[in-house]
Structures are given as structure tokens and as C-alpha cells.
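First the structure, in the form of C-alpha cells, and then the observations on it.
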Amino acid sequence: MPLVVRNTPRTDLAVVDSLAKAGVATVHEAQGRMGLLRADIRPVFRPTRIAGNALTCEVAPGDNWTIHIAVEQAQPGDILIVTPTSPCDDGYLGELLAESLRAHGVRGAVLDTGVRDVATLTEMGFPVWSKTVSAQGTVKETPGNVQTPIVCAGAYVRPGDVIVADDDGVVIVPREQAAAVLDAAQAREANEASKRIRLAAGELGLDIYGMRDRLAAKGVRYVDYEDSP
Amino acid sequence: MPLVVRNTPRTDLAVVDSLAKAGVATVHEAQGRMGLLRADIRPVFRPTRIAGNALTCEVAPGDNWTIHIAVEQAQPGDILIVTPTSPCDDGYLGELLAESLRAHGVRGAVLDTGVRDVATLTEMGFPVWSKTVSAQGTVKETPGNVQTPIVCAGAYVRPGDVIVADDDGVVIVPREQAAAVLDAAQAREANEASKRIRLAAGELGLDIYGMRDRLAAKGVRYVDYEDSP
Amino acid sequence: MPLVVRNTPRTDLAVVDSLAKAGVATVHEAQGRMGLLRADIRPVFRPTRIAGNALTCEVAPGDNWTIHIAVEQAQPGDILIVTPTSPCDDGYLGELLAESLRAHGVRGAVLDTGVRDVATLTEMGFPVWSKTVSAQGTVKETPGNVQTPIVCAGAYVRPGDVIVADDDGVVIVPREQAAAVLDAAQAREANEASKRIRLAAGELGLDIYGMRDRLAAKGVRYVDYEDSP
Amino acid sequence: MPLVVRNTPRTDLAVVDSLAKAGVATVHEAQGRMGLLRADIRPVFRPTRIAGNALTCEVAPGDNWTIHIAVEQAQPGDILIVTPTSPCDDGYLGELLAESLRAHGVRGAVLDTGVRDVATLTEMGFPVWSKTVSAQGTVKETPGNVQTPIVCAGAYVRPGDVIVADDDGVVIVPREQAAAVLDAAQAREANEASKRIRLAAGELGLDIYGMRDRLAAKGVRYVDYEDSP
Amino acid sequence: MPLVVRNTPRTDLAVVDSLAKAGVATVHEAQGRMGLLRADIRPVFRPTRIAGNALTCEVAPGDNWTIHIAVEQAQPGDILIVTPTSPCDDGYLGELLAESLRAHGVRGAVLDTGVRDVATLTEMGFPVWSKTVSAQGTVKETPGNVQTPIVCAGAYVRPGDVIVADDDGVVIVPREQAAAVLDAAQAREANEASKRIRLAAGELGLDIYGMRDRLAAKGVRYVDYEDSP
Amino acid sequence: MPLVVRNTPRTDLAVVDSLAKAGVATVHEAQGRMGLLRADIRPVFRPTRIAGNALTCEVAPGDNWTIHIAVEQAQPGDILIVTPTSPCDDGYLGELLAESLRAHGVRGAVLDTGVRDVATLTEMGFPVWSKTVSAQGTVKETPGNVQTPIVCAGAYVRPGDVIVADDDGVVIVPREQAAAVLDAAQAREANEASKRIRLAAGELGLDIYGMRDRLAAKGVRYVDYEDSP
């Protein structure tokens, strides 16, 4: 029986917003390289970068009824995240649902399905990540779960986990770890900024990261071209 | 034996042009969700939106000879649509063929193959939808059919059927139904415009579409987070 | 044992730069339709067009250590080309490596893997072609070969072969043939320019290429629509 | 509105059964290399070879209701052929539907979707070709068309067209052409049998097919290894 | 930091073994169509049908070290289930690991990666489900988690959840629900057996499932062929 | 211009035959994990295991003329290996070409294309590895190179290199290294046989390979379930 869970916990939007600034690649590294969605989940337009609380939604193939149910559970700062119960490329979300989601404070959407009206979504500046673009419409016959834990594009997501999404893809941060991951991400950013300056000046990663001894230990052999096998 | 059919029927361009305005998603809904090409047929540049009469063309793998035959059969307002007799990603169309097609009034091209010279196609503003981008050239050894019925990317297309193509993909409207589909599409557009206003004002789809009774009948259960299983 | 080959031969940059102007499709035709990479190797941003000397690099799955080794072997005018020893979509290259490569005169990168930080790569204007975009990071545990012959995305590449890359894809020109291919490419360009003018004026390819006799010999049959089978 | 067409024409089973003997590759050649389904439609078990009259069926994604409707329209000698209105890998057919189809004289099934219970289908010896094997079940909410023309896996199929299916795949023969295609297929088989004997005896295709002059005309050059470039 | 969790809970093997008898399709239906792995996870040999307790394992790309760690945590009745931290088709498991797993009572393995030595695995009768077959070996440089919750091929799996795997694919039953799912599966099997008898006797699903009224309500229209549009 | 190279070097068949016994996975390891073809090149029937000298062949898309040219260059102990100049799934080889190849002593075939007549190939016991099975025929219009170096399915292959192929896939051994690789493979086999006995007796890989210290150094942490995070 389909279940709609109300009043689920959310992550503090101050933390969420700071995670958005760090971006997907940095956040992913900062939490030990976990929580990334499959790489075929791509943004409808670029550049874009957002973060928000997961508003989860499980849909039947070819059926977007559940998204209408989910809108009622939305809170400002949420990002809709949709997984089909079996693989489906149909266009589950278009300009009408985007308008409705935006009216309820939802910041964007991530779908392991298709979406449509992408020209309008782009004009509206409503950021959406999806597996496919497809004009194929959907029916409203089989409702599914809202705000229950789901697996979306290979990642486990619970309501109120943080979704960070940008041109590189989408990553999930469990809500209990959001603050700690933010700290780690910010430390990482500072470190990367200083490294970028050194690399731009021509210093080698081999030296900055102290890799030469390990290379030798691994048996890496340097030869001149005329001596190569 | 390859067949080239001359003087095939076309759809009235006034109808065709109005279908372009409605766009792929609306036209697809308006004709009962039929006639969509596979979702991996994507535009070379975005945004773009056109409609035209199908100029059909069946090509051998790695061989674009038939497209040259097709150009001679073109009329202003046509869109070239190309299907390979077996799957092929080669670059069947580039700047030269685009120039030639445009000189004969062709509005764009749809190919279930690859295309090339995409930087030039973009500069020219000549809209093309394809499965792939590939620099791989083709030979001219095996001619195929022109202006016969074909299956392209999963859709059945006859000469003079209407092709509508935009950022969401490509849909085929049978020429006998073009006027009726246009009526349905325009009705649908008016309806959607009014719904968009209500949704933007925060009304819920659940209420606008009167879904609450059906949800209850389907056994959808609402629980608070602390009571969830 | 991993091998790093120093002081490999390069192709004269005057030839390389002229090949860039010809572009991938023309160069590919000019060398007899050889040397193209798989069509799923796509640019991170468009439009873009470069050429350079191949700086080859073979990486373990999920491990980008070898790229750091390769940077030290770079010379101005090089393009980094990376192949994994087994298929991998991870993000092997991001803003830090791009910064480092640029500091050493490298003009761009081609990877049969994923890349990340694509928003930054785009801002930097550092051109990259890859199979995927992925935020997934990599480790530094297993070094591989640098400046040895490799197979990348279906093409055989040796250090100092010319890489030409643009919106249509990527092609490899063996360094011994670079000058001859350039000649052929330039001849081809002149020929295409004159054909484009004739096609734009409405002349048919069937006439320009003298195809009508061969069509008849192949048994192509023309019929009017009302007489078609 | 879904349509079920009754009393559709069929092809004479004597012709159908002889087409089965010729097999898919020969029949495909005999009708000018047309009508083949996509190569990813594969048999559940091998070896197998059947032919029958197409019993067509269009299903909604994740919904097999229409197949139940189709069973009632079946006649002995039919083969069920199923296309989804948008791509779907769910298990639309399992042991119960196979049992039901068999009880009504249906010889097998071809689906551009998934199937399940493949161990039982194999034990039953009920031949099925599908895109996928998947245990994922389907709902019964959205009926579709039965015995109307469809596109299945890239081929156009009308009720009563002949389906020939074996280990090589599936091909459709339009019912009006079935007798002529059978004649051509049988001529082809006789010809191939005599060629097979000559080839088994070591004669070369170059000689049997008289290809040597054409090879020379195409500029094929023979060199010894020590003289190769 | 990689984590190995010891002494995790398991599901009673009596329940597990009865779930094996029911098979994947029935168990999947019985638990409300949840927990199925992606359909591209296929058995190395057929027919086969097993169930066991999940022994979970998260591996780095191209690195099977963690599987060696997992063997030590195995208990009789377990099934190894392996997910890579990013997509990888390498051959993570071959005859040596299969021998080692079997020696510790492990009944089979499920991997969202490649496997190798499939001829030997088949001879041994050690059942394995995988995404790919690949001879590509792996390194032992980066350990990962053992017996922690994972996402494998789109399904969420915890140590001691029940894995049921057969020719149709693989399904996960949460250990808390195993007994209830078994009851539902057995009820379903009895029901299906009686239906199969009626269908084999030629009764129609339309009548057995009482679908005719709903069909009419959905507007399904029956017409004879000569009256069809 | 197409080139046919005669009298190319071959590898001693005694070495070739011993490499067959070692099998693909072992040979691949023995030569440092190089030379494997893409994992989607699969055998038409299983089990099977052969080795032979590469008879290389480059074909145009949809055109198998070159294979007929190649047969004339065959010597006993060869394996035909075919690469298309652009991706193509057509059925390039069927029973007639298999018969012809066998008559000239060819042991099997590897194609990065489709093949057909797979039921007959299976009956004949003529082993073939291919990317696809497809009944789609080919033309004879565009000849290609025979016995020149090629890239096939991601591997670089020269005439007379050793091809080893079995249920796990296909690997190429450069002819100059064949004897050395055989020595390494046989050493590896002996080593694996002794390990298999120890593993079958229940010894752990962690102990046999002495991995426990390295695990600790990598920071792997063991906790009991009740203490896990």
C-alpha cells in the first residue's frame, strides 16, 4: 500500500546552502566518496548548482501521479527526487509540475526518468537533472510512496537528506552527517585553492604530493625514447 | 530494387506551421501519445522548434548516396528524415548536404544515424536531430528508397506526414490527422495555460485534477514521520 | 612494470596548427577515413577546435596517479590522451590537473573515462573530450605507462602523433603522415568550398558528382506517387 | 481510445510453415533485406525456430492488461507480438500467460519488453523472444490496442503478417508478399546448399562469385609482407 | 576508513530455503514488487535457483581485495553480494575465490561487476550472477567495507537480508520481513497453480480475473476488421 | 587504397596450442593484463576454448567483401579477426563463410560486428566470438585491408599475433612475446593449482597472501555488529 509520510525531518538550510557552494565533487570527496548518483543523471541546462532537502518520491513506470502527491508535502528549500519502480524514460515532469513545485518553494528536481518541456524549464531557470529528455507523457493510475527512503540512480536517499547537484552530477549527504561533511568540504576547498596556485605556477603534483619515492617503490621505470622496448 | 516516389502528397503548410507552435509534447498528447521517435534522437543545438512535411529516405549502413537522391525530390517546407537499413552511427550529413537541402527549401533534418560538421550546422542555424555526432564519412555505393513509408527511430513515417521537432524530441503526425490533431493541440494549450496560472499561485494538482477521492480508493495511507513503519 | 618514456618525437607545431584549422571531419577524410576515436568521446564545451602532439597515458581503473607522472613529460603544444586499462567512468581530471597541464603548455585533454569540475573547465576555456562527466574521484595506488603506444577509444595512438579534436570528435594522425595528410586536407577544403557555393545555389549533388548514370545502372526506379506499389 | 480488431486476415499456414523451415536469415535476404527486428530481441532458449501469424498488441509501460485482451483474439498458428508505447523492460509475460496462449494455439511470443519465469518457459518449450529477462511484474490499469498495425523493435507489423523467429532473431513478412517471399527463399536455399558444398571443398568465394575483376577495379593491392608499408 | 562488521544478524535458514523454492518472481510479487536488482545482473549458467543470507561487500574499481576480507566473515548459508564504488566490469571473482567461498559454506555470489573463469564456475556448479563476463583481473590496493548496508544494482541490501536468485534475476528480502514474505509467497503459489490449470484448459484471463466490466469502463472498443479505421 | 599483405609471419603452432590450454584469464594475467578485447565480444556457444594466429581483416560497415579476400590468405591454425571501420552490428559471417574458413584450416573467428546462422555454427562446432547476433546481411561493394595491423574491440592486433579465446573472452598476445608469455602462464597455472587446493581446504586468502599487516596499515577497522555506527 502506498505510504505518504508527513512532517519528516529536514537539514538546516544554512548547512544546506553552504554545501551548495562547495559543489558536488568536493562534497563527494569530503564524505569519503559516497552517495553519488549514476553519472547518466545529467542537468537539463548548464551551468547550475543547487542544494536542498530531499523530497522523495517513488513512481510507477509511465505514471507520474505520485509527484502530484509529493508537491503537497513540499517545504521551501526542498529538492524533489524521483525514482521509478522499474526503469522508465518517460517525461514525468514538465513546465506545469515545475511551476507547481516552484510555487511551493522547491528548488529543483532530480529524476531517474525522462523529463520534457526542457526549453521552458531552461527559460524558467528551474534546474532539473534527469536520465533522459522525452516528450512521452504519463498516466495517473498507480500511486506510490512519498517521503520514504528510496534508492535513486544507485544512491540511497531518505527524506531530508541533503541533495547537492551541479554540472558534475548529484550527490546525497545523510542528514546526520551534513554538518561534519560541510566542515570537511570547507577544509578541502581551502587546501585545493592553495594547491591550484602552486600548480598554476608550474609546480608538479609529483612534488606537491611527495609521490616520487612511492613511484620508485612501485617499480616505475624511466627510459629515453631511443632506449624504449 | 530502390524506389524513388515523385509527387507525393504533402500536408498544408498552414497546418504544419501551427503544429510547430504547439511543440512536440503538446502535439504528442493531442494525438493520443503516438508517433514519438526514440528519445535518443537529440537536437544538434538548442533551443530549436520546427515542423515540416516528411521527405523520407532509407540509407544503407555507411552510405549516404540516397540523401543526394532525396534532395531532388524536396519541396519548400519539407524536413528530411533518414533511417538506416541497419543501425549505423556514421556522419551521414554535414555542411554540404545541409547547404544543399536549405537551397531547396528544406527546413531541417532528422536522422537515426550520426551527423558531422555540427559547429557549422549550428552557425548556419540549420536544425538537425540525430542519434550521434560522428566525423565518420560515408560512401556512395548502395542507393535506397526515397519517399516510401519507413520506420525511423521506432516511428512509422510516410512522405508528407508532419514532423514536429523541438528540444524535447521528434513526433510524427499522419497527414490525414494533421488538422484534427492541431485542433486538439490548441485546445490543450489553452487548458494548460490556465492550469499553469493556478499552479503558479500555489493550488495543488491534487485539487485542480480532483484526485483526492481516487487516492483514497487506491488505499494511499498518510502517516506522520514518528508513526511511520 | 610501468614505463615512462622521455624525449619522444613530436610533430612540427606548424603542421599541427594547420591540421587544427582543417578540423576533424576533413582530416579524417584526408587520411582515408582512419584514426577516428569512438563517437561517444564528446567535448565538455562547444564550440572548440584544437590540435596538438599526443602525450599518452595509460591509467588503472579508478586511479589517476599516472596523469601526474605524465604532466612532467609534457611539452608546449601537447594534448594529454588517457586510456584506462579497463572501462572506467570515474572523474580522472578536474580543475587542478587542468591548471597543472595548462601551466606546462598542454592545450587540452582527451580521456576515455569521466572528468569532473566541468563548470570550471568551461570557465577556464580548457578544452576536454571525455566519455562521461562524473564527480567520482580516483585513488593514487597503481601507476601506469606514459608515452608508450596505446589504444584509446578504438584508435591506436603513439606519443607525438597528432590529435585533432573539435565539436565532431577526435582523430589521430600518425606523425610520419602529418605533412601529407595536411596537404590532402587543404586540397579537400578548397574543393569543398567550391562545392558549397554550387550547392547553395541549388545545383544538385546528383549533377555535381555525376551520379545519374550509376543510379540507373544500380536499377533505381522513379515512379509517381499514384503509380507506386 | 483502445481498439480491439476482430477477424483480421491471416496468412495461409502452409506458407507460414514453409517460411519457418527457411529460417530468419534466408527469409530476410529473400525479401530484399527488410523487416528485421532490432538485434537485441533474443530467444529465451536455443535452438528454436518457428513461424506464425502476427497477433499484435500494444501495451502501456509496466502494464500487461492488453495481453489478456489479445489472448481472446488468438487463433491456432498465431504468434503474439508485443510493443510498449514507451520503452519498458518489465516482465510482461510469464508461465501463466504462456500457458494461456498455448491453450489457444499460439506458437510463441515476441516482446520488445522483458519476460519472466524463463526457467518454466524453457521447460514448457514455449518459445519467446524478448529484449530483457526481468522478474518485475506489471499492473492492469491501462488497456491498449489489439490487432492494429504496430512498430515493434524497429519493424512495422500488421495483424496476420508472418513472423519468422529463430536463433538469429525475428523477421516480419507482409502477408501479401508471403507466397512470393517463400518462393525466393526456397530458390535461395537451393543455391546456398550447392555453394556450401563447393566452399567446403576449398573453392574460394573470390572464384565462385567471380570477384577478382571487381577487386582489381577497386584498386585492391597485393603486397608481400616484407614489401608492405 | 573501511569497516568490517562481525557477527551480523542472519535470517533463519529454514525461511531462506523456503523462499528459494518460491523463486524470484513470486517472492518479488509477494513483497509488493520491491527489492529487485537491475535486470542486467544475469546468471553465469542456467537453470539455477538459490537463496541465502547476504554477505555484503563494497569494492573499489578494479580491486577485489575486499572479497578476500569478506570470506573470513562468511557463514554457511550466505551468498556474497558485491557492489563497486563506481561502475566496473572487471572480473572480480574466478575459480579461486569461488573455491574459497564454497569451502566456507557460501552458496553463490551476486556481483554488479564482471566475473571470470565462467567455464570452471559452470563445471563446479557454483552459481554466480553478474553484470558482465570479463577476463580482466584486479589489484589488491584499496580495501572497502564488509557487512555494512550497501546499494547493489539498484537495490538496498543489509547483511543478513535474504537474497533469492534464479534464472529471472535477483531479489532482496529485508530480514525482518522474511517470514511474512514467505507466507505471502506460498499463498501466491497456491493461487497461481490453480489459475494455471484453468488457463491451460482454455479459460480466459479476462474471465478468471473478471476484467470485462473494467475494460468497458475504460472505453475499449471492439470492431471487426472490415470496419476498423 | 585497400591492401592485402601476403606471407605474413605466424607464431609457432606448438606455442599457440599451449596458450590455448592456459586459457584467456591466465594468459591475460601472464602478460601483465594487456591485450584483452572489450567484454561485449562473446562466444556464440559455450563451452569453447581455442588459440590461433591472427588473420586480420578490416571491413566497411554493412559490407563483408573483405572476408572473402581474407579466406585466400588463410593458413591452417589461423583465427579470423574482423574489425569494422565504423561500428556495425550486421551479420558479417554465417554458415557459408564458416564452411569456407574451416576448409582452409581456420580454427574460428572473432568479429567486432554481428554474425548469423548461429544455430548452424553451433551444430558445426565452429567457434565464433562476436558483439551481436544479427540476421542482417551485408553487401560486397567496398573492399578493405587484409593482414594489416588493426584495432579490434579495443585491442591492437597484427597478423600472426596469437589470439586466445574462450568462455571468458578474447586476448591478443604479440607474436614476439608468445613464448615468454607461455612460460609465465604455465608458472601461473602451477601456482594457482596449489592455491586452489589450500583454499578448498578452507585456508583464507588473507593468510595465504599475507594480507593482514597491509590491511591494518590501510586502517581497516573490525567492529562487532552491536558496536557498528
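Chains: A, B, C, D, E and F, in written order; residue numbering restarts at 1 for each.
As a working rule, a contact is a pair of C-beta atoms (placed from the backbone, for glycine too) under 8 Å apart; a residue touches a chain by one contact, two chains touch by 3 or more.
Small disclaimer: the values here were computed from a predicted structure and weren't measured.
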Q | Partner chains that chain A and chain D have in common | A | B, E
Q: With residue numbering as the guide, point to the option in A-D, A-E or A-B that repeats B-F in over half of the contact pairs.
A: A-D
Q: Report, in whole Å, the distance between the mean C-alpha point of chain B and the mean C-alpha point of chain D.
A: 27
Q) Counting in whole Å, what is the centre-to-centre distance of chain A and chain F, each centre being its mean C-alpha position? A) 39
Q: State, to the nearest whole Å, the distance from the C-alpha centre of chain D to the C-alpha centre of chain E.
A: 30
**Q.** In chain F, residues with contacts to at least two other chains
**A.** 33, 36, 39, 85-87, 89, 134, 136, 142
Q. Which of the chains touch, listed as pairs?
A. A-B, A-C, A-D, A-E, B-C, B-D, B-F, C-E, C-F, D-E, D-F, E-F
Q) Which positions of chain E touch chain D when the two form their complex? A) 23-25, 28-29, 33, 36, 39, 42, 46-47, 49, 166-169, 171, 192, 195-196, 199-202, 204-206, 209, 211, 215, 218-225, 228-229
(Q) If we count contacts the way the header does, which residues on chain E are in touch with chain F in the complex? (A) 1-9, 65, 68-69, 71-72, 89, 91, 94-97, 99-100, 102-104, 114, 116-119, 122, 132-137, 140, 142-143, 147-148, 159
Q | Of all residues in chain D, those that touch chain B in their complex | A | 33-34, 36, 38-39, 85-87, 149, 151, 154-156
Q: Would you pull the chain D residues touching chain A in the complex into a rising list?
A: 60-63, 85-90, 134, 136, 139, 141-142
